[in-house]
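Shared chain: subunit A. Partners: subunit B in the first complex, subunit C in the second.
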Partner chain A sequence: MKTDVLIIGGGPAGLSAAIETASRGLDVTIVDEASQLGGQLNQQTQVLRPLPSVYEPMRGFELANKLIEQIKGFNVRLLLNHRVVGFYADGSAGITDEENVFPVKAKKIIVASGAAEKAVAFPKWTMPGIMTIGAAQTLINRDFVMPGKEAVIVGSSDFAMETAIQLMDVGIRVKAIIEKQSGALAKEQEKASELSKNGIPFYFNSFIKEARGNGQVEQIDIELPDEVITLSVDLVCMDGGRAPILDVFYQLGCSFGFQEELGGWVPQYNHTLQTGREDVYLAGNAAGISTQGPLLLTGMIAGISVSEELQAISPAEANEMREALWKELGLLEDKEVYSGRIKHLENFTSPLLKDQFIS
Partner chain B sequence: MHIEKHPVLGRQLHKPVTIYFNDQPYQAYTQQSVAAALMANGIKKLGVSRKLVQSRGLFCSRGRCCSCYMTIDGEDHVRSCLTEVEEGMRIYPNMDDPEVRREIDED
Partner chain C sequence: METNYETIVIGGGVVGSGIAYHLSERYKEGVLVLDKKYPMSGTSGSTQAWVWVHNKTPSWYAEFSMYSAELYPYLSKKIGDVEYKRTGGLSPFFNESDREKAQKLAESYRKIGIKIKVLSREEVLEKEPYMNPEVAGATYSSIDGNVNPFRLIDMYMRAAKRNGVRYSTYNRVTEIRQVNGKYLVVSDKGAFECKNLILAGGTWSREIGDMLGVKIPVNQLRGQILVSEPLKPFLNFTISGLRQANNGEVLMGYSMEEAGFNRATTLDVIQETANMAVRYVPGLRKAKIVRAFSGIRAMPEDGFPILGNVPGYENLYVAATHSGVTLSPLIGTLITELIMDGETSIPIDRYSLSRFG
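Then we have the complex of A and B:
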């Protein structure tokens, strides 16, 4: 199979890159291991803001539908329930439908592989009933399943607060928010105060000492600053933050740099979102952990750069659009993340890790 | 428990199907993943870890952590959080290392 642009990942960044490239007449292929486009947006019921100026604020799944609707009119081939498993010597991607593997030769590749949630380790954290906040959200909003009846949340980021509210809304009793720092980390203070108003205790400077249960979590011990308390719970949702998913970049031989603000190890890239490999671009959380608005913007930037390389738009036009998008990114993105991004761009010519397989 | 009426999304559970876990029938709905459908029926333990034989269940629900391996319709080592339920599906927990896959049509 041949295609102009192969987009790995059909979440918000991959879809916005697809819109930019396919709308200019390029032949685009999207591969995603899920059975549905939209990535994590599909189970996000919260209202997303700020979004790029072309979108008004809307809920995550509404945004997914909107993006999917937009690519419908264009020449986009979908390989859902498919995975990239490696690359051939000639640069073709090896793609599997879980039965056979076949090569796809693309002129340019945009990797929008997203992020994975990290764990918070404590004794017995691997027991059933203990899961990431993202998993709990998926169960409620995609599968329509109650992940438990009585829960604690480990962590107090915006995402953790949002998930706690969504758990409560379906009738799960949230018994405590456990945070090892001395205050709530959420930037949107209203969410934390909504939870305290509902009588949910925040335990600061605290952590789970141990979980217990027979085949699934039943009890946890929480180490508070001056005592240890025990709670009966059947659900522990942990927020360990997120890190970019890098597998494909290792296989492609891209170079990496370490950038704390972007979530740790991130492939090197320049202002066109081109990686250390000329034919490979990246977008979304793979380019550094961020919020949905900026994820869309990076997808647009990568899409425009690839369109320019494949001569679907002029360099002058591409430059102008890219500059406007970077400006908008600077306005929408969290200040720390954005400055991490700028630092990361500056390191493009001096990558820390190159030609190494560390996966 | 299945969520019959979601506070934001409303009623979404449409097509009920019957799945079998350890040969026992359970009710699920077509859009659900195997791991989620089992959880709705109170089953959280999906298998055990290969080395220390400790209980494992759904952890990431994203296909990243591989904590949810199960045997589904005769295939070992399938990520149950990424597999959607189908009518009559036969599901078994992951209790040890899978058999290495062989050519099926070699008789």
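Then we have the complex of A and C:
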């Protein structure tokens, strides 16, 4: 199979890249291991803001529907329930439908493989009933499954607060928020105060000492600054932050840099979102952890850059649009993340890791 | 860190660490091993790790390998459990026409005292019931086996360190000079001086040789390996093409490609390898593959080990070889003898660098 643009990942960034490329007449293929486009948006019931100026604020799953609606009019081949498992010697992507593996030769690849949640390790943290906040959110909002009845949340980021509220909304009793730092990390104060108002205690300077249970979590010991308390719970949701998913970049031989603000190791890229490999671009959380608005913008930038390379748009026009999008990104994105991004761009020509193999 | 050593070994892979350990058995002080990364980061950490004798040709090379295989049980006693298993080795063939070739091989081996049997289809299936019933036969030798390369190198290092050997890792050698009859080894973390210098840089030997103006004709040959999920123990033998490790993982693959130092894995070879494995052991079709990795073989130009003194240089030694896992205890022993006694118990002239002229 041949295609102009292969987009790996059908989340918000991949979809917005698909819109930019397919709307200019390019032949686009999206591959995603899920059975549904939209990625993480599908379980996000909260209102997302700020979004790029072309979108009204809306809920995550509404945004997913909107993006999917937009690509429908164009020439986009969808390979859902398909995974990229490697690359052939000639650079073709090897894609599997879980039965067979077939090659797809693309002129350009945009990797929008998103992020994975990081866990928070403590003794017995792998016991059933202990999961990341994103997993809990997916269960209640997408799969309509109650992950438990009595929960604690480890972490106090905006995402953790949001998830705590969503858990409460479906009738799960949140017994405590446990935070290692001395105060809540959430930037949106209202959410933390909404939880406090509901009588949920915040334990600062605290962490889980140990989980216990027979086949699943039943009790946890929390180390507070001056005592250890025990709570009975059947659900522990942990927020260890997120990190870009890098497998495909490794296989493609891209270069890497370390940028704390972007989530750790991130493929190196320039302002066109081109990686260290000429034919490979990236977008979304794979380009650094951010919020939905900025993720869409990076998808648009990558899409425009690829369109320019494939001569579907003039360099002058591409430059102008890219500039405007970068400007908007600067306005929309958290300041720290954005400055991390700029630092990351500056390191493009001097990556920390050029050859990920230890030879 | 001390900068003066009696002996420096460049390269801490299975070959370098094997030499350092064997030296330390007889010589308690003054050995330093330098490695640009870490001892398992080179080829020794990306290998099938068969201890393999049978169907190596010509037979003198098989004989050399056999001496090494015979040292393995003692090695475990000296440095600890390295998960060495003398499983016996099977090399299956699928065409009756290959039987004659097999018989010839067995005969040439008999002359040097290596026993190889040529098995019938029934005998193969009796020994290895999961083998493809379409197999025509196999050569079989009882001396073959495999080892856990990570444990092997780790144990070498531990034992060597207990005996006083120093390791300096993440320390690349960038320059070597001869000064007042000694060697000055310049590295990222400073310069060291030594009397004896051993070049055990594996697939990087050519570059290390260049630092002294010595031509060590070692090329790169990539190999890709597939690793299955841990399966119940079901393979009894080391089969030329695959083996089952102690934890149940099956390692498959025997590919060879020229790709320089590029350690990527590619789907072309992965698919070929999977097909080979399934042809040998059809049940593997159901196994999940959890990982693919590649390694870069250190392949001397004529395929045989390069061992011993470097002609024209005093106290300079080289050990670069493919099949380094198989040969490591023997190479360690021989290089130690060469340094300590000036001669070896088994002749190694055949492996001298001088053969390349």
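Assume the second predicted complex is superposed on the first by the 356 of 359 C-alpha atoms of A that agree within 3 Å, B and C clash if a C-alpha of one lies under 4 Å from a C-alpha of the other, contacts with A are read in each partner's own complex, and residues count from 1 in each chain.
In this section, a residue touches a chain if its C-beta (ideal position, glycine included) is under 8 Å from a C-beta of that chain, and two chains touch if they have at least 3 such contacts.
This one's a predicted model, so the numbers in the text were calculated from it and none came from an experiment.
Asks: Decide which partner touches more residues of subunit A, taking subunit B and subunit C as the two options.
Replies: Counting residues of subunit A touched by each partner, the higher count goes to B.
Asks: Which of the two partners, first being subunit B and second being subunit C, lies in contact with A:130: first, second, both, or neither?
Replies: The answer is first: A:130 touches subunit B but not subunit C.
Asks: Check the residue A:216 against both partner chains and state whether it touches subunit B (first), subunit C (second), both, or neither.
Replies: first
Asks: If you stack the two complexes on chain A, which partner ends up touching A:253: first (subunit B), second (subunit C), both, or neither?
Replies: In the superposed model, A:253 contacts subunit C only, not subunit B.
Asks: Identify the partner contact of A:85: answer first if only subunit B is touched, second if only subunit C is, both if each is, neither if none is.
Replies: second
Asks: Name the residues of subunit A shared by its contacts with subunit B and its contacts with subunit C.
Replies: In subunit A, no position sits in both the subunit B and subunit C interfaces.
Asks: Quick check: in the complex, which residue numbers of subunit A touch subunit C?
Replies: 85-89, 94, 101, 103, 251, 253, 357-359
Asks: Where on subunit B is subunit A touching in the complex?
Replies: 1-4, 6-9, 12-13, 29, 31-33, 36-37, 39-40, 44-46, 49, 54-64, 67, 81-82, 84
Asks: Mind listing the subunit A positions that touch subunit B in their complex?
Replies: 33-35, 45, 59, 61, 116-117, 119, 126-132, 134-135, 138-147, 169-170, 215-216, 245
Asks: Under the stated contact criterion, what part of subunit C meets subunit A in this complex?
Replies: The touching residues are 37-38, 41-42, 261-271, 292, 296.
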